[in-house]
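Per-chain numbering from 1; labels A, B and C assigned in written order.
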Amino acid sequence: MLAFDWTFESVLEFIGTFAFAISGIRLASAKQFDWFGAYVVGVATAIGGGTIRDVLLDVTPFWMTNSIYLLCSGFALLWVIVFGKYLIHMNNTFFYFDSIGLALFAVVGIEKTLSLGYEMWVAILMGTITGAAGGVIRDIFINEIPLIFRKEIYAMACVIGGIIYWLMTFVTEETVIIQLVTGISVVLIRLLSVKYKICLPTLKGDD
Amino acid sequence: MLAFDWTFESVLEFIGTFAFAISGIRLASAKQFDWFGAYVVGVATAIGGGTIRDVLLDVTPFWMTNSIYLLCSGFALLWVIVFGKYLIHMNNTFFYFDSIGLALFAVVGIEKTLSLGYEMWVAILMGTITGAAGGVIRDIFINEIPLIFRKEIYAMACVIGGIIYWLMTFVTEETVIIQLVTGISVVLIRLLSVKYKICLPTLKGDD
Amino acid sequence: MLAFDWTFESVLEFIGTFAFAISGIRLASAKQFDWFGAYVVGVATAIGGGTIRDVLLDVTPFWMTNSIYLLCSGFALLWVIVFGKYLIHMNNTFFYFDSIGLALFAVVGIEKTLSLGYEMWVAILMGTITGAAGGVIRDIFINEIPLIFRKEIYAMACVIGGIIYWLMTFVTEETVIIQLVTGISVVLIRLLSVKYKICLPTLKGDD
């Protein structure tokens, strides 16, 4: 089934999936992957986190009931093939899209987990997995150490967003407000941490 | 339980599992894995794709109800240990066996998915995962970029085979014919693409 | 939910989880991971094997119903951050803890699988996965060839322990005795194989 309803959330989800897929395809193309390989890396980046979440929650992976996600990754591949050289000028745009995707995926992950009756800490974890695990799979596929393990506040933005979601449940019962505050928090944490180069401390090895 | 019935399909499945396991064990041995490591890589190559498929479809992984698959991988290990030096002269044979395995795994994946009530596009995807994902796990285990992401028509043979399966459902209702045409198509696509060095285009990185 | 009952088994499980997490965090710190990355690698080492087991058995992953495992990995991170430089003097202690963890995880994996009605060979396999798969995920995350594929008797200790468990079921019906004999066997096999540098043969590549 191919379903797409033009709600605000659907549009955000499409943008997020597209941005995640683009990030995977571009990293794959830097390693001379062919179209098929680049598509797989793009898809894995876009839907990998949600798939791990759904397998852990024991529900049917979300992309198996609606082909929009695989099509969206296909558009991303087409985009990179056609506009390849110009993509570098769109780095800022994709960075914003990626942050929006991260925020939305985190919120979606939290809500799905809560709706299945799990506790809040599981939901925060699943929100983080939904947002960040796709990038880990991407980096394993291109045989690199996962970026989010070494640099930048990325998954931590989902964790903090999840804690804000939890705190908001004590403030209001309006789900839309909780979602908006959480999502905007994730985007802001991500943008500010990149702007001001905020990082987590690094461990010193004893090897 | 150990079950083996001497049907044509069972024999093909045994050949495919054996060939896939051999491919994993040989690549592991090139990296000086010990017997245990080589066995694990062989098993993962042979049953990895079907396992991911079954986890996504939420059914018990096929090899957990019949020990034949693990035993078959054990035979493959024994084979490599005993005939190690001579294997290079059997490269052609293993290439044919591997193609037969690929075709059979794709057909099995498609049928299992359809029998669970999923749509055709999910079935084509699951057929491709059944055939090609084991090789991806193999390459991750030996710390290489997955071969099928950069070279050769491999997974794409399963995708095209899946589309042929779908088209055949409009032509006939005889499952055996659909299976045969699909399987032979996958084998032919694989053989011809290697013979004539047909590749997918490669993406040019922008870094 | 956070549950901890002060039984002998719970204490052993805590020690095992702690030791496994420490092993992941230390390897991550040798690669300059940040705190978040190190925590994820620690968690994956500690709960990865049991998670794969539970996904294959189609039950809720054990750590999603009790937050003790994630907290325990958090303690491990804190420990490495605070006592980083002195850890090298505790190598022996951690080696013993790790062996205890391996033994306990193997026994837990076997029992859980049998209690779900699977056959003995599946249980032995799941015991091995519970004990050894976390280390494989750890090594994939830090982009190294999995250690247990190339060196040392590690997973094989779980396999042999599993066979001893199976043989013991013919000798006695006292589960506690079977568990103890199995667990002690795994620890002994691990310790002796390291002390006397017993290895599996390595395959010679034909590349």
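Here, a residue touches a chain if its C-beta (ideal position, glycine included) is under 8 Å from a C-beta of that chain, and two chains touch if they have at least 3 such contacts.
What you see is a predicted model, and the numbers here were worked out from it, not measured in a lab.
Novice: Rotation angle for the CA superposition of chain A on chain C, to the nearest 5°?
Specialist: To map chain A onto chain C, rotate by about 120 degrees.
Novice: Do chain B and chain C, two copies of one chain sequence, contact each other through the same residue numbers, with over half in common, or through different ones?
Specialist: Both copies touch with mostly different residues.
Novice: What's the distance between the Cα centroids of chain B and chain C, rounded to whole Å?
Specialist: 30
Novice: Multi-chain contacts in chain A: which residues touch at least two other chains?
Specialist: Residue numbers touching two or more other chains: 55, 58, 140, 143.
Novice: Within their complex, state which residues of chain A touch chain B.
Specialist: The contact residues of chain A facing chain B are 1, 25-26, 28-38, 40-41, 51, 55, 58, 60-61, 64, 67, 70, 80-81, 84-85, 87-88, 140-143.
Novice: Using the touch definition from the top, list the residues of chain C that touch chain B in their complex.
Specialist: For this pair, the touching residues of chain C are 55-56, 58, 118-119, 121-122, 125, 136, 140, 143-146, 148-151, 155-156, 199-207.
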